[in-house]
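Both complexes shown next keep chain A, but they swap its partner, so chain B is in the first and chain C is in the second.
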Partner chain A sequence: MKKRKVMMSLMLSAAMLAGMLTGCGNSSAPAATEATTATETTAATDAEEGAAAGAELAYSGEITMMHYSTSEESQGNGGSDGFRTMIANWKEAHPDIDLNETVLANDDYKPQIATLAAAGDLPDVFLLQGMNTKAWAEQGLIMDMTDIIKDSPYYSDYNQAYFTPFTDGDKIYGLPALTGGTCTVVVYDKAAWKEAGFDTFPTTWEDVKKADEYFKANGYTDTIAFGNGSKWQANSCFLSVIGDRFTGPDWFQSIIDKGGAAFTDDEFVQALQFTQDIFASGVFNEDFNAITNEDAREYYISGDAAAFVGGNWDVSYIGATLLETDPDLYANTGFAALPQPEGATGSTNSQNIGLGYAIALNPKLADDPDKLAAAIDLAYYLTGPAFSTYVGENYALAGLTKTANVDLSAFDQYTQDFYDFSYVSTTPCEIYDSYVNSAVWDVVNTEMQSMLNGDTTAQNVAEKAQEAYEANY
Partner chain B sequence: MKKKQYGMTPGRSFGNGVMSVVLNLIMLLFSASCIFPLVWMFYSSLKEKRQFNADIIGLPKNPTLNNYIRILTNPDYHMGESLMNSIRTTLVSVFFIVLFGFILGYFLSRIRFAGNKLIWVMLLMGMLIPVHSLLVPIYVVFNGMGVNDKWFTLMIPYIAFGLPIAVFLIQSFIQEIPTALEEAASIDGCSFSGTLFKIIMPICRPVMVTVAVIQTFSCWNEFSFALVLIKNVRLQTVPLAVKQFSGQFGSDYPKIMTALLITMAPIIIMYFCFSKQIIKGMVAGAVKG
Partner chain C sequence: MLSKKPKATTTFGYLIVPVALYTFAVFIPLLVAVYYSFFEWKGGPNKTFIGLENYATLLHDTVFWQSFGHNLYLVLLCVIGQVGIAFIFVMVISTRFVKLKGIHRTLGFFPSTISAVAIGYIWMMIYDSRRGILNWFLEAIGQGDKTQVWLNNPKLVMTLVAIPLIWQYIGYYMLILLSATSAIDKEIIESAELDGANAVQRAIHVVLPMVKSTVAVCIVLCVSGNMKAFDNIFVMTEGGPGNASMVMAMYGYKISFAQQNMGYGSAISVGIFVLGMLVVGGMQLIPKLFAKKEA
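Now for the complex of A and B:
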């Protein structure tokens, strides 16, 4: 017994000692940097980009940065991959600067950055979510970057519409980062819809209902697959666009500016009512409120549904999967904007697209002009032409900076069609939850899920949204 | 010798048999509901993401170890470092929780002094105030003291917030031990610390094991402090490392399950090594506590 006790004590002591030694080793280890995978630095354009990142800077020392482009996130996500590649290039070009990165998954990034903001301890450079702009600007947590942006060598190439979520009055607080991808796209099987009598995807919901009858009679389980299990999908991937069709862009701008528009306005209530009616009509899968977009897109991939509504993140997954499992469906897949609801007077082919996050700077950087110059250089580079060229040539995506003559010939039809849908042939509108604040959207999302279940009315949802808006914004 | 059963009619015997089958079936169902998630995790870890999304419950058609290979060989996932961080943090925290809990529990149980009640109230607060409301203040204090983002950072709140339950359990256990033991030790010339560590501590071993078990799981699974106080990815613990497989718009569930299985291994090994002690400790703790 005694022997066993001694053994146990020895084991515990050894484990503790080993642990502590490991710990000491860690604490003296270099700053948190995630190794960049080899594949990320092999693109043909890297050498040029690296050179472009090599502007002379007077500062040498540490710059802290926080973002959510983890190694995992960057796999198949062009924006994340491009972002990580640009960071690696910039670091290589500035060996005297220790860019100390904290990289967390997006779900963890949001509470962590909010805690740091509450504690007044934000890193030097970080990603600002559009909906936090006004509150954080009011609290002096983010630097006014209006002049920095105007002084940018790439200013004339910036897509000015992307700055809206990061603007408060006439001040801009961030350089929109990553890639602008649509949040609402109809992915459909062109061959199936042709058989149903539609050469292209219908432009009215009445036609979708007619097609629904055909599909149900011809072995399809569902006409359009949709997943709202996490509650945000009905808002981000449906209502944002349908709302725009009923209210037009000015109404939402007025909501952002607190200019007198209300969630209880007739046009918005009509958009909610239409959303409730169309989901009750049976054109979507019955379990849309119980499954997520990840499950719903499988209905399309497996051929059970003739179409799917989701965001750009679903398009890349569907493409990669179909290419492997069903090349015919891959070749037959097309993209379309949501059909126009009856009674809606807004744009008929709008789709919500934008950049949800921007590179923001800590105002404390102003105390050290050299450090500030280095941080600005980093922000310019991460959002500049090198990034746009990289994501354009490798993923057919676009960022803040417009690049002339993106050569899409190397991409297949699927990718070219989606690029055309995202950036050329549709009218952009705002992504609701990039603005206002999360307290309001939490209420809208929860209430809307109940509404789609038939448990509450459009008017009630609008009233509750308005209450949350008045209380929190 | 076969025991004779009096007053048992064939009808009642049949009834008892049916009842026994039904009860066993119910127990079997409960057991299966406990074990199935683990089995599901295991076979899902052998699926690719696409296959999992297409059929969440079904068995893998082409089982593959790719997820294990990817997780264990990709240095960006720093799974080994996270495991070591969790093991170190948990071992040190639990050691000090049990040690301080025992000493404090003894003092509160046996010695009456001026600050006795104040310590009680402070410990009670540690249990009553929700941890989430303290995250930002603790972050600010730690930041001011320069102890954020260090290898020992998480041990401080883990020990502090683990102490209340440890003290309450140990204190109530010690109250059941007759003071005559300490008096006898004192008469025999045993010093105070000798009595504390050589006489009382061995008697308290069951409840100390109980505390250690509860706190091991609590420290191993803790998420909120780990998220807020640690920024350096090399210092992250297991719960944070597992979260990296959830992206902005979706999650790679087979990878999450693989990571969970890998990170569960130390706890399971520990359970099998100390299962006898743990069960004894749990039972003793339940009765005395």
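Now for the complex of A and C:
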């Protein structure tokens, strides 16, 4: 009898232990994450704090939220800083609501949120990546926010183009968040290119090749630095724009809508072929496939390369670093769109810009109207005029909500020039991997890395891409 | 009281805790993966039962089999590199000419205490085409034309990512083999020496047969460890260029999390498990075959 009791208690404790562990696994805030609590204080800003406090919210209790604006990321990254500041303001205005944040670095955020989605265990409020929209909407993981967006007090000020990646049919699933930044910009040393005989960055690749001869003969290791070590860079920061130049925007829209366009269409294959040829021509650093964009931008910062191609995240890093280490190069740095490939018939100065993530809501919120109202209020606030004004005044960046003319005079030339490049003097085009889905882009990125080494052909990459597109989208 | 042998139930009670943990952390996930592998499941609550379709795809998935080939190559290099070099080091350290044996042991073991991710970064710096010590060394000895972007060479990349792994674990196997050789009676070695056997002969004909079973354990550990290689390769190349350094575990990770195809990812995990068992089982058969020949 006693023996059985001991056994029983042992089994029970084993079951309890297992239960505890399972409980950990299912919780939306794993131990390794940085869970910021309401006790964190951020200096209140002069941005319109009242906007959040305006509506009295009936809800009191917990709202879970997941995002990737870590405190490290917010150093120098205007979008992150603005996002964190707005969250802090909102918390302060709603002391009854316990906003429980899980904040991860972007690289960790993506697999984590995908895992939670797979488990059907998403937090109340989170950031949705454009390319997941259709699949997650189909699975019922994200709330249809079409009416919520139309009811927004800031609706008339929203930049409507930013909603596209988060739209499926006529339904919208998120309020685009953070700041709109280009994914493809040429950062170049104006003085060096002037010496090479170009007052501004060349508009054709032929001229870039001519400059390449000059630079190689005059002590530069590289003409243009680029890093594709993580495989996504050649897609996000090059092909997405070169593709637009060859195919025009309608082709990609048709890919998104499954309207008949194919990756094997001639124009797209030409864009791939051009990409292969230009990387083989030697105007880029020879180790581009083995290093990341973080390494490549150091080639520009150190003066080894006369130019660099990357995204807005690189521009803010280069700016912050040069300001300390090389003020001359900082003052001489200019921005340009990619030159036009020969044979391309599309826009000549397009660059891919957009908001890659949107604030999405968990459909389970609909069970509690008060909680839903609070989450909607938070989403409005984080993407509203207070945020846009904050990032505009402090960083010369723009978000979803348009603000009246931003006064740029307080900013230095570097910041003003980049604002001009991003929002004024270029034609926007789509960021490929904000759309379709990761299964397709993962194949494209991997195959393209081999193609840039000359180990496979453009036609082959196009066929593999089409295969993945048909199988997964 | 203290010296009394514990009751069977007490022993059993203490032992069931690790067994329960092991079951929870290894067996249950494996069974769950087998279950999920029968579904088309692209994340989210919706799963469609598709029977063995994922396995049919797996059989024809060239990238998966290419990755399996890379794993086998890695196993081959690491068995020779890790266990082989460790054995040589043990033989050298146990000679009486080597002083400060303790320091050799400690420093030799040191790399296996470093995280594979950190090791990946260290070796990336060594291979770096501009600032790396490897290209610098080649320049210095007048072989400048042999410098290259090492990790971008699809033919060499698997060997290059294996070198850090070999370097890291030599000390680990060295320690296991040292403990085995130290158990050999010194008189045996001395009498072999008196009979005129040189160091190589002593190592092969005297020491090796006596530590045979320990070497076999080392090889099994080495094989199973390398069938699930992931971290340092992920840091160094992410499987690139293209799929030139893709290994099975990384492919499973990519399909499950980068491509969000959990059903097929589960099928890949099961595939890794089955192939891993087959390879480890196959390795254990080899000594038996030798044993038969001898008999």
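In this section, the second predicted complex is superposed on the first by the 420 of 473 C-alpha atoms of A that agree within 3 Å, B and C clash if a C-alpha of one lies under 4 Å from a C-alpha of the other, contacts with A are read in each partner's own complex, and residues count from 1 in each chain.
FYI, a contact is a pair of C-beta atoms (placed from the backbone, for glycine too) under 8 Å apart; a residue touches a chain by one contact, two chains touch by 3 or more.
Treat the numbers as computed from the prediction; the structure is a model and nothing was measured.
When the two complexes are overlaid on their common chain A, residue A:Thr446 makes contact with chain C while staying clear of chain B. Shared-chain residue A:Trp313: touches chain B; no touch with chain C.
In the overlay built on the shared chain, the residue A:Pro111 is in contact with chain B and with chain C.
Using the contact criterion defined above for the overlaid structures, shared-chain residue A:Glu213 touches neither chain B nor chain C, since it reaches no partner.
Contacts of A:Glu286 after superposition: chain C is touched, whereas chain B is not reached. In the superposition on chain A, A:Thr456 makes contact with chain C only, not with chain B.
According to the touch criterion, the shared surface of chain A, contacted by chain B in one complex and chain C in the other, consists of residues 22, 111, 115, 118. Here chain C touches chain A in the complex through residues 9, 12-13, 16-17, 20-21, 24, 41-46, 128-130, 149-152, 154, 237-244, 254, 257-262, going by the rule given at the top.
Residues 12, 15-16, 19-20, 22-24, 26-27, 29, 31-32, 34-35, 37, 66, 68, 70-73, 77, 102-108, 111-112, 115-116, 118-119, 121, 292-295, 297-298, 301-302, 311, 313-314, 317, 321, 324-325 of chain A touch chain B in their complex.
On the side of chain B, the complex with chain A involves touching residues 50, 53-54, 56, 74-77, 81, 84-85, 87-88, 91-92, 95, 135-136, 139-140, 143, 150-152, 227-228, 231-235, 240, 243-252, 255. Put simply, chain A touches chain C in their complex at residues 3, 6-7, 10, 14, 17-18, 21-22, 111, 114-115, 117-118, 120, 132, 135-136, 138-141, 221, 229-231, 286-287, 289-291, 437-439, 442, 446-447, 449-450, 453, 455-456, 472.
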